[in-house]
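Structures for review follow.
Two complexes are shown next, each including chain A; its partner changes from chain B in the first to chain C in the second.
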Partner chain A sequence: MSAPTIKLPAPLFARLSPHPFLLRNLTSAADPSRPATRTNGRGTQETRPLHAKASSLSHAHGSSLVRLGDTTVLCGVRGEVLPVERVPLFRPVDRGGVGLGRGELRDYDLLVPNIELATGSAPQFLPGVPPTALAQTLSTRVYSLLHSTGMVGVEDLRVWSKPAGGGEDTEMEGAGEGQEEEEGVKEEDRVVAYWVLYIDLLFVSFDGNPFDAAWAAVVAALRNTSLPVARWDPEREMVVCSRTEKRQLNVKGLPVACTAAVFEEKELGEVGTGVPEGRHWLLLDPDRLEETLCREAITMVVDCSDGETRIKSIEKQGGTAIGRELVRGFATIAEKRWKEVQGAMK
Partner chain B sequence: MTATTAPKAALGVLPRSDGSAKYSHAGYTLTASVNGPIEAQRRDEHAYEAHVEVIVRPAAGVGGTRERHLESLLQSSLAQLILVKNFPRSLIQVVLQIEDSPENDYVNTKLVQASLNFAIMPALVQTAILALLSAGVPMRATATATAVAVVHQDGAKKMVVDPSPREVETASSVHVLAFTSHNGLLLAESEGDFTVGEWDDVYETAKEICCRSTPAKEGTAMVLDDEEPSATDMRQFLRSTMESKVAADLHWK
Partner chain C sequence: MADRRRINGPAGATIPPVFDDVSTPKLKSPKTRSRPPNTTRKMYLKTGVTPSASGSAYLEIETSATPGVSGLKLSCSVHGPRSLPRSAPFSPHIVLSTHVKYAPFATKQRRGYLRDPSERDLGIHLEAALRGAIIADRWPKSGVDIIISIVEGDQDRETSLLQGDEVWDMMNALGGCITVAAAALADAGIDCVDTVAGGVAALVQDAGEDSIPTVVVDPIPSEHEKILAACCIAYLPTRDEVTNLWFRGDLPTSDIDLYTSLVEKGIQASKNANRVLVGCLAETIE
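Let's turn to the complex of A and B:
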């Protein structure tokens, strides 16, 4: 090699031509036997460890702080009582009635996720602009997944006119109920209100892979949520919440999201031709630099809490490098990620 | 009730846009217009390639977060198909207007919903591709898409192609797959509860619809027709639509 070599410090090289920079890192010419490493020092299939901390906010009913490398998300869940009189087109539910729970959650908008990408969390987020397409896309994905996984049951969010559990915990209200019956007023047990869960996510710092972090934060916060015990006060005709008693929200399963991006050797390569030209790498848990260089990405949400691996969602877009075999193989990668995240959530 | 109607399409329905298409299938009717390459806005301008902009307009109301998500999905897929490097610093704009969508016969659903609508995605992809073809935008491949729902009924598993809203609601999982004309998997969106094996079956079903070998030997085509007379062949549909349009346009010759 007689060509003159220009020495550039690594950050400058990354800044000037990010694609060749990542490519050089992956194809280490010095030693072909060495496994490919990325610019951030990780292997292609290596994820950043996930740290989850529950109940970090004192005023929310449930909260979590999730760190995934330099991506940090804060999630707070706040419950609000929604009286049924305020629900348009309310259809009464009777206890023991079957009714599709998903319908209630969806129709009355009982789960309201919102995602905010804080100014300064990454250079591309400017102050004073309306929610970006990324923020809107993320909140739609979280919303869809919350409903399709059925993590939160509608039974937990209903407030009945008579306390649940029949005659078990009604010692203090026993007198009141007796009077009602003596009066001969036949009052049906009915749903008087719903809890609406406002799930707010704030990206404190943003370094790629926002969906995995956001979803982990939502799951951790919901598992941490306990709502005050609410009951119907017939005298005042309103729902009152207990100051001391709290009830833990039942969260079904533990779905975990796992994202990978496809980095192609050829910049802006000829894709769509079935077999992509050149090599490509599947980069698990991509950071911000990698996300800007990759067009194709796959996100798989799996839940192995029943012993069996159940896929809850697959989202693959932006290219044709990931075919059938890679999707199938990705399920085992996602399974591995599930075990890691499960360990971190304990 | 299964709306197993054949897809219908018309090209060049809007006189002022560069290309347009009207498409209706499985209860959905959409109109798309394509303008491009046109001048890009300063912030969208890219030095080496064209910016693809997709706008989805719902049948009622203004677009919300769900439409933004659909737009981002379509944008990333179409940018792969269009030869964007041929038109640096320009914009190719695809506007999709949903005109009609099937209603759920069982419940009164809200008009504006935030959750993702899987059943409409194939129609969006197909309409966008037809409009792009009508506008003569150079592409490296076309794409076809289909929606498949896995329904568990009386212990038996059944696959429903182009599910109705009711079937989407009762299905255990819903899938949308799009394939390029080179049989590459362009888009795969799934939701619900399923295993890898089930996804594989769905993949097979979708591939059969989206990329059946077009003009194969006549003998094999006959056998395939006998096996599944109801399944539509989306790629053949795309082809015949274009052929009839070209034939009509060149009629004067």
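Let's turn to the complex of A and C:
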């Protein structure tokens, strides 16, 4: 018995039964030589081009606008000063001492990323409600990745009681003066405050793959950030910043996130009902429709900026389709993505 | 108690950077208006920035000539009309809910994520302005959400907070909000009697305390010595109706004409904004 033939326009079909719609799109290539295409017209391994624009805001110290297809994110980085007397359990640092490994960034919470989805960026994200689970997860993932990649060094965020005279900027003063400074430094040069970077992300438009877009926006904004030169004013006993001098934030590396979702032949509801495992497809850079249909997703963050590929993080949730081989193969895909993003960030 | 659903940062409060004035040359340029008193700034309006919403629009008002002063940047998305939740009482009209929020990086001071009273105030004024334009009884039992993010406010970075310019900034923000929301509503295909647009006019005193105040349109606080009063008007041009009027400041009671001329100038500014709005919508149709 042949199925009754009803002709439905594509958008209606997608709305009524999204899973068969995507499945039919992926399999319907009549001749096997043609690669499978998704509902959005892309191939399975095809990403949307990324557009990044830096310094689009005037009140932030660094900012970026990233577009990934129909996903648009705006990121603003703003520095604020945290005096050390307000830091509970503060451990003094001396200039020669290596700050690395002491975990100042994490212990004093100097990086504060927050993601706001509830801007009407998609019908499910309406304002007036507390941050959704997705917004909270995204913020936490960006937070932990910021710390684990070590993109921002704590040296840039320290404010010293004396202007930097000894180590790096010797050319600023004459040689004799530098010596004098050197003497004084020994006794009382200390960290008086830290810069806290508030990294705020605003989704203007949401069409899937929020993490890749948000992370690219964070990286672009941090690379664009320059903080005013701050010094300690002993008379007013506070940190004052220069109006004219600015210093570019040193950002190490260029980590790029690459996400793919796994689309399974059987529908989500059929999990555990004894249906044998069907075929599955790895969909790179999933859009909103695809994300709702996929249970399993993998995100890999790679950095190839020093010649060789370094994997900064791998996250995988849900499902069992991605095995060891797929993860290994995914590194190559992520590498390719890194090159694209690096081109866009220039 | 801090909101544990967000990342709040260090336990101790942080201080926004304090700048020294010693080492800088005189930055303050004399406050002069860069345009004739009856000219509004140029604006850029575009619809369809959020494809996943039913309607959306983006508005940017040109930066003034002074460096360090940002122009207004607004993004608006409209969701709906959609059915009201079951718990909602019956409504024979469409239920408008407006939401205006400054982005954390929109102003000189970092804004929090919770809405403050001034943002709620803007939302209420916006709702009043739009309610007069929408043909509300075409959609009984349904609701529409209008969400505006102020990406960047109209503020001068050089002036100190103490001058209390925020009140006037809010006027400009509301004017922009009305225009951008009207564009987004039209983009969403919600029937309106006319396109509503916002305009701002102000009474300013430019030359000292005792000078005669003048009426200007589209005022920027950083370009004027002192703003005495301002009003923001939402106006429907073909019907010649005002849907919302927001007046702030004090006027000398001796001169009633001053009030009328202020409103007239506001209407003039609104007509200018409307021309841009109609042009933008016509472009979208083509």
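Methods note: the second predicted complex is superposed on the first by the 306 of 346 C-alpha atoms of A that agree within 3 Å, B and C clash if a C-alpha of one lies under 4 Å from a C-alpha of the other, contacts with A are read in each partner's own complex, and residues count from 1 in each chain.
Basically, a contact is a pair of C-beta atoms (placed from the backbone, for glycine too) under 8 Å apart; a residue touches a chain by one contact, two chains touch by 3 or more.
Given the structure is predicted, the values throughout are model-derived calculations rather than measurements.
With both complexes superposed, C is the one of chain B and chain C in contact with more chain A residues. Touch criterion met: A:140 reaches chain B and chain C at once. Contact with chain C, but none with chain B, is seen for A:74 once the two complexes are overlaid on the shared chain. In the overlay built on the shared chain, the residue A:83 is in contact with chain C alone; chain B does not reach it. By the touch criterion defined above, A:311 lies against chain B but remains apart from chain C after alignment on the C-alpha atoms of chain A. Of the two partner chains placed by superposition, only chain B is touched by A:319; chain C is not. In the overlay built on the shared chain, the residue A:284 is in contact with neither chain B nor chain C.
Judged by the touch definition given at the top, the superposed model places A:106 against chain B, while chain C stays out of reach.
Within the superposed three-chain model, A:213 lies out of touch with both chain B and chain C [touch as defined at top].
Chain A uses residues 109, 136, 139-140, 143 to touch chain B in one structure and chain C in the other. For chain C in complex with chain A, the touching residues are 3, 5-21, 23-24, 27, 49-53, 56, 68, 70, 75, 77-79, 97, 99, 101, 103-108, 110, 113, 145, 147, 149, 151-153, 155, 157.
Of all residues in chain A, those touching chain C in their complex are 57-60, 63, 70, 72, 74, 76, 78-83, 86-88, 108-110, 112-114, 116, 119-123, 126-128, 130-131, 136, 139-140, 143, 196, 198, 200, 202, 204-207, 228, 230, 233, 238-244, 288. On chain B, the positions that touch chain A within their shared complex are 48-49, 64-66, 68-69, 71-73, 76-77, 79-81, 84-85, 107-110, 113-116, 140-141, 169, 175, 180, 182-196, 199-200, 203. Residue ranges on chain A touching chain B, taken from their complex, read 89, 100, 102-103, 106-107, 109, 133, 136-137, 139-141, 143-145, 147-149, 268, 270-275, 295, 308-320, 322-324, 327-328, 331.
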